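The structure follows.
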Amino acid sequence: MRNTLGNAVSVTLFGESHGKAIGAVIDGLGAGIEVNEDFISHQLSLRRPSDALSTPRREQDPYIIESGVFQGRTTGTPICILIPNEDTRSADYGAMAVTARPGHADYTGYVKYRGFGDYRGGGHFSGRITAGLVAAGAIAIDALRKKGIFIGSHIAQCGGISDRAFSDYAEEINILNEKQFAVLDDAMGEEMKKAILSARSEGDSVGGVIETAVIGMPAGIGEPWFDTVEGLLSHGLFSIPAIKGVEFGSGFDISGMKGSQANDCFRTENGKVVTKTNHNGGINGGITNSMPIVFRCAVKPTPTIGKEQETVNLAEMENTTIKGAGRHDPCIVHRARVVVDSVTALVLCDLLAQKFGTDWLAE
Amino acid sequence: MRNTLGNAVSVTLFGESHGKAIGAVIDGLGAGIEVNEDFISHQLSLRRPSDALSTPRREQDPYIIESGVFQGRTTGTPICILIPNEDTRSADYGAMAVTARPGHADYTGYVKYRGFGDYRGGGHFSGRITAGLVAAGAIAIDALRKKGIFIGSHIAQCGGISDRAFSDYAEEINILNEKQFAVLDDAMGEEMKKAILSARSEGDSVGGVIETAVIGMPAGIGEPWFDTVEGLLSHGLFSIPAIKGVEFGSGFDISGMKGSQANDCFRTENGKVVTKTNHNGGINGGITNSMPIVFRCAVKPTPTIGKEQETVNLAEMENTTIKGAGRHDPCIVHRARVVVDSVTALVLCDLLAQKFGTDWLAE
Amino acid sequence: MRNTLGNAVSVTLFGESHGKAIGAVIDGLGAGIEVNEDFISHQLSLRRPSDALSTPRREQDPYIIESGVFQGRTTGTPICILIPNEDTRSADYGAMAVTARPGHADYTGYVKYRGFGDYRGGGHFSGRITAGLVAAGAIAIDALRKKGIFIGSHIAQCGGISDRAFSDYAEEINILNEKQFAVLDDAMGEEMKKAILSARSEGDSVGGVIETAVIGMPAGIGEPWFDTVEGLLSHGLFSIPAIKGVEFGSGFDISGMKGSQANDCFRTENGKVVTKTNHNGGINGGITNSMPIVFRCAVKPTPTIGKEQETVNLAEMENTTIKGAGRHDPCIVHRARVVVDSVTALVLCDLLAQKFGTDWLAE
Amino acid sequence: MRNTLGNAVSVTLFGESHGKAIGAVIDGLGAGIEVNEDFISHQLSLRRPSDALSTPRREQDPYIIESGVFQGRTTGTPICILIPNEDTRSADYGAMAVTARPGHADYTGYVKYRGFGDYRGGGHFSGRITAGLVAAGAIAIDALRKKGIFIGSHIAQCGGISDRAFSDYAEEINILNEKQFAVLDDAMGEEMKKAILSARSEGDSVGGVIETAVIGMPAGIGEPWFDTVEGLLSHGLFSIPAIKGVEFGSGFDISGMKGSQANDCFRTENGKVVTKTNHNGGINGGITNSMPIVFRCAVKPTPTIGKEQETVNLAEMENTTIKGAGRHDPCIVHRARVVVDSVTALVLCDLLAQKFGTDWLAE
C-alpha cells in the first residue's frame, strides 16, 4: 500500500525534506512494549551525519512521540513519531526545481507528481525521510531484542575496500550496534574512510555493500507465496534510497555453485535442527529455518556530486548541465546501515505478529 | 497478504504438487482484455520440462479457465485458472515425509504447518505451483504487449557459462520469447546445456542468473515508500523457488562505482527525456524513468540431487542421510525464466492500474 | 481488496452463474483444522433452493476441495473450493443481455464492466456465487465451534410476519442450525411461508430481516479505527446480494433511547465481567465485550419478479418493459441466512487470527 | 488494516484524547489538488462543541499540515495533519482508570490493550480522534466538489424528533453544509435542541439518526464482492463512535416491501439512465447507478451521563457505581454529522481512484 509497509505491524512514512516535519506512524505493535527513548536517540545518532564523511547539514533530530506511548510503554494504538525539520536552507536547492539531478528522483518525481511535488531538497524522496523509519525501527529493534532476536549490519564493502566476514554473530552484532562506522575490521574501516574522503576531494562519491545478520529468529516464519521472508525484506529494503540489489545467503554466488555445494545439510544439535552451512541465509522456501538470516544490500554512490553533469531542464525540455551546490554526502553507506536494520526489524515484527498474534512481542 | 501479490491487480496462488489441482486467481484486470488461450499454452510450454535437461515428469498442463473470461475477453471479475494434477507418482516421495531434503522447504514447512502440510512432492512449495503463475502471467504479458510494453529474459549465466549482453532490446525480446532455452548467443546456450547434462550425470545440479528487460514502460510509475518498482518486483520475484538475489541496473556492481560513473545523465531525444547510460535500470527513486527496466535474478542450483546428503529425520529427530529418488531437474534456470516474466508482468499491471485506473489496460 | 475479504484470514470469490464453475479461496487458516465435508454439504444444503419457496433450479452443489486440505485437515495453505455449474439454462436469460432488470446489477455491471461482463443469469452478481462463500464459511464455522464460539441466525421478519426473539442463545442456535427455514417460532414460520407463496402466486416477491447471534467470543477482539467488529462484519455482510441495512444490538432503536437506558451496565458474574443488558450487541468501541454479538440484516425482496416492469434497453438506450422469465425465488431470506452465518464466521476467524496468531484456531 | 481505511486512497488515524496530539495521514491523493485551509477550519468548526448543546470543553483545533501540501496543493505524497491537544484536564478522568464507564470502551480497551492503554479521556477511543478524520475528510470533500460530487447530511431524528425528508438534494446539501445544527426544517431543529437540553438537565443524553445524500457520483463505481459501496462505507462509518446501524436507500423498510414496490424501474432521461424511485439508495449489486447515494446512520445516546450507573472496578473485579464527572455532551448527533460526511468522502475518493487512477481527482 504505497507509503505503508507491513500487514499485522505496519509503518507509514510522511514528510518532505524541507517541509514542516517528517515522521512515521507505526501500527499493530501490541500494548505494553517498553519504549526506550534513549535508544531511539541512539539509533537516530547512527543515521545522522556526524563528521567529515557526511553532509555538513547538522540535524539534531529531536523527535516527538505524539501518540501511542503512555507511561513509557506502547498503548497498542498507532504510534506517531514526528521529527520537525529545522536546519533547512531551501535557497540552496532553488535551481533544482526543474533541472533534474542525474541519479536522483527529480525527473521521475516530476512526472509522477505532475510538477506539484515539493522539490526542495529532494522533498519526499530525501534520505532524510529515513529518520522516521529509524525512529520507528528503534522501537521494533528493541522489542525484538527482548525476545532474543538481534540484528546487526556491517559495511562489507565501501569505496572498493572490503571488511572481513562475520565470525561470531552474537558478539559482533553487539559491537557493531555501538559503532558510528560499522565495520568488523577497524583497519579496513580507516581505508574506507580514506576512500570516501578522497572521493569527496574530487567532488565525487562512493557506494558500498551492507551485510546484515539476524540471530534468534524462530523457525517457521514467513509464507511460501508471496510473503516470503526474502520478498518482504527486499520490498522494504529497496525503498531505502540508493539500494539497487539485495541478496540472501550466498546470493549471486550461489548461482555458480553445484547443488551438492549449495544445499545446507541438516544436523541435530542439542535437540534442535541446524544446518552445517548457511548458503540459504537462514531461509528455505521463503521461511526461516532458525539459522542466522544473512543478506547483503548494494548501495549506489550518492548521486549528488560536485562535478558538472549533463542533464535536462524539465520546464524547457532543453539539455543543460548541473553541479551539486547543496550540502551532500560523499557516501551514505555508513549512515544507511541503521536504516537497513530498522526496515529489517519492522518486517520481522510484522511476520512474528502474523504468526504469534498481536501480543507476542509484548509478552 | 500471504499467498496474494498485488493491490489493484492481484494474483493468489493455490495448490499442492500432488493434490487435485493447482491454480491462480487474478483479480483487478479491467473488463475487455483479449485472452489468448494459445499464448497461455505457449507460456506454459516454456515452463514445462521438455527434454533431457529437465525432470522426465511430463505435465501437459491442460488448464481450465473457470471464471472471469467470456467470449474471449476478460469480464473484469476474478479469473480462476485451474490446472489439474495428473501425472503424480506420490510413492516416489513417501520417504520424504519426515526426512528433510537439504535446500528444500521440507523442514521449514514442517515447522510452519506443524506437521499437517501436504509433504508429497514438495506440496505447496513445489515449483509446479508456478504453472498457475505462468498462466496468470500470460494474460498480463499479453495485455501489456497491446499497450507497447514488452518483457523478455535471457539466461545470463548457467552452470558457470555466461551469455552475451542484450544489444537491441526490442528485437531480442521478441526472439527470446520464442525460445525454449532463452539465450542470446546459442553457442553459449549449447555450453550451458553441456554443463547441465554434466551435472546431471554426476547426480548433481547447477544454478544460474536470469536477466530481464522491460521496454515501453511510461515514466512516473511506482511509489517512493514503500511500493517502489524494485520493492514490488523483488517481493514477487523472491517467491519464485530458488531465487536468492535480485539486482536492478548495474546492481551489486554499482556499489563499486563512483557517483560520476553511476549517475545516468539525462538528455532529450525526440522531445523525450532519456538517459545516456542505464546503471539505475530504468528506475530512479523507486519510479520508472521510461528507460528499459533491467534486473537480474540469482537462481540457486536445484536442491534435489542424486547424491547422498546428510540430513535429519524430523519425526525422530535423528541424523540420517537422503538421496534424491523422485524425478527432478538438474537445472531449473531455463524453466524459471518464464516465471520471472510472469511475475514481472503481474506487478507492472498492478502498478499501471494503480496509476491509470482499472480500465487502462483494456482500452 | 475488491473480491477478497479479510486480512489474516481472507476469502476470495470467483465465478459466474452460467460459467464453468464458481468457488472460493480461503487463505490464512492455520494448519491442522479438521475439515468436516459432511458439514460443508449440510451448509450448502441450507443455502440450496429446496422446495416451493424457492427457484425450481436444482443445484446439487457437488463441491471439490482442490487444495489446502490433506488427510482431513487444513494444511495451512490456501484452500480452493470449486463448485462446478451444471444446471444452467442460459437461453432463459438471453433477453436480459441488454434489458436491465430493475433492482438487479444488470445496469451497474454493464457500466462497470463496459459491456464485457458475463450477463447470463446475473454472472458474477448472481446469488449463486454465495455457494462458494457458504462452503468456505462452513470450515470457519466448524473451527469456531471447536473453540466454543457458536453462530446462529433466525428469520426475524419475513413478508411482514415477525418471529419471536431469542430467549436462550446456546440452545436455540443449535436448533436453528438444523432447520431449513430458520425460525424460533414454527407457527410464525408457517405464516411466513404463506406470505412467500402468496407473493409467488402474484408473480411478486418478499424480503425480510435476519437476526444473528454469536456466543463465546472472547472480549478484546476488534480495532477502534477502522477495523471495528461492526465495520468488518458489515463490510462482508453488505456484499451478500439484497442486504440493504445492518444494525448491531438495539440498532436503529437505540437512536431513540436515553443514555441511561442504552448504556449496558457492567456486573461481575463468576469472576467475569458481564453486562445487565445488551443494547450494544456485545461490542463497545468496536471491540467485543464477551456478551453475545447480536445484529440484524435487512434483506430486500428478490428483484426478479413475474410482473411487468419498466426498464431500459441499454444497447439502444430506449425505454422498454421486462417480465421475469428465468427461474427465480419469491424470497431469498431463508436461503440468505446461512450466507450471513458464513460471512460472520470468516470475519471472526480473521479477527481472532489477528489477535492470537495463525495457529490459535487449530490448537 | 487496523487503524487504516482505504486502498488507493487511505487514511490512518492516530492519537489519544489527552496525549500530545491527534491526527491523520492521508495517502494516495493525486498531486495538484487544491487544499483549502479555510474549508478545513470550517469543517472542524462544525465538529467542535459550540454551545450549550455540547461539552464545555473548548477546542480550537488549530491544525498543522506537516507534510504533503506545497504551495497550496497536494504534492501526491502522504499528508500528515496534526492537531495538538491543548485543553486537557486529565484530573477529571482519574477515577475512570479502572472503573469502566457503561456504554464506553473502557472495559473492552482494558482487555484488548492489557491495561496499558492511555485511559485518560477515552484515550484512542475518544470522539476527539474524529477531528483528524474531519480534517482529512475536508480535503476529500473539497476535491469531490470540484468533480461535481456533493455530500450532505441532516439530522433525520434526534431525541425522538424527526426532521422532514430531503426534497431537493443539490440545493439542500449546500444549505446543510453551512449549518452548525444540520436540519432541513429549522422548527424541528429547535424541538431537537429542546430535547437535548431537557436530557442534559436530567443528567441524561439522547441519540438520533443522521441521513446522508451524495449526488454526482458516476455509475459503475464499486465492486460486487466484497468492496461494495455499501460495504466500504459501512466499514468506515461504524468506526465513528456511537454508530450502531447503517442502512442504504429504504434500508430496513425495504424488508417489508414487495419486489414490485422495491425495484427501482429504469428510465432514460436526457440520454442518461435514471431510476423512477430510489429504494436502493443509488446502489445496485454494490455498484453506483448514478442516482443519489442515500443512507442513514443510527447514533446511540452519548454514554457519559450524569446519572449514577452500576459498573465494575476492573482492577479489583468488584461491583461499584459511577457517575460522569468529566465534561461531556448530552448529544453528539449534530457533531457526528460532519464526521459521517468525512468518512463518506474518503471512501468515495478511494473508490474513484481505484476506478480512474491516482490523478483523476486532481485533473
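Chains: A, B, C and D, in written order; residue numbering restarts at 1 for each.
As a convention for this text, contacts are C-beta pairs under 8 Å (C-beta built on N, C-alpha and C of every residue); 3 or more make two chains touch, one makes a residue touch a chain.
In this text, all values refer to a predicted model and were calculated from it rather than measured experimentally.
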Every chain in contact with both chain A and chain B is listed here as C, D
Chain centres computed over CA atoms; the one at greatest distance from chain B is chain D
With chain centres taken as the means of their Cα atoms, state the distance from chain C to chain D in Å.
26
Averaging C-alpha coordinates per chain, one finds the centres of chain B and chain C separated by a number of Å equal to 38
Between chain B and chain D, what's the gap in Å when you average each chain's C-alpha atoms?
45
At which residue positions does chain C touch at least two other chains?
1-4, 7, 13, 77, 112, 124, 224, 359
In the complex, the residues of chain A that touch chain C are 7-8, 77, 224, 353-360
Under the touch definition given earlier, write down the residues of chain C that touch chain D in their complex.
1-5, 7, 13, 100, 102-105, 107-109, 111-112, 124-125, 129, 157, 160, 199, 202, 204-209, 219-228, 230-232, 234-239, 241, 243-252, 254-268, 271, 273, 275-276, 279-281, 283-289, 296, 298-305, 307, 309-312, 314, 317-319
Residue numbers of chain D touching chain A in their complex, please.
1-4, 7, 10, 12-16, 19-23, 25, 27-28, 30-32, 64-68, 70-71, 73-80, 82, 112-118, 123-124, 359, 362
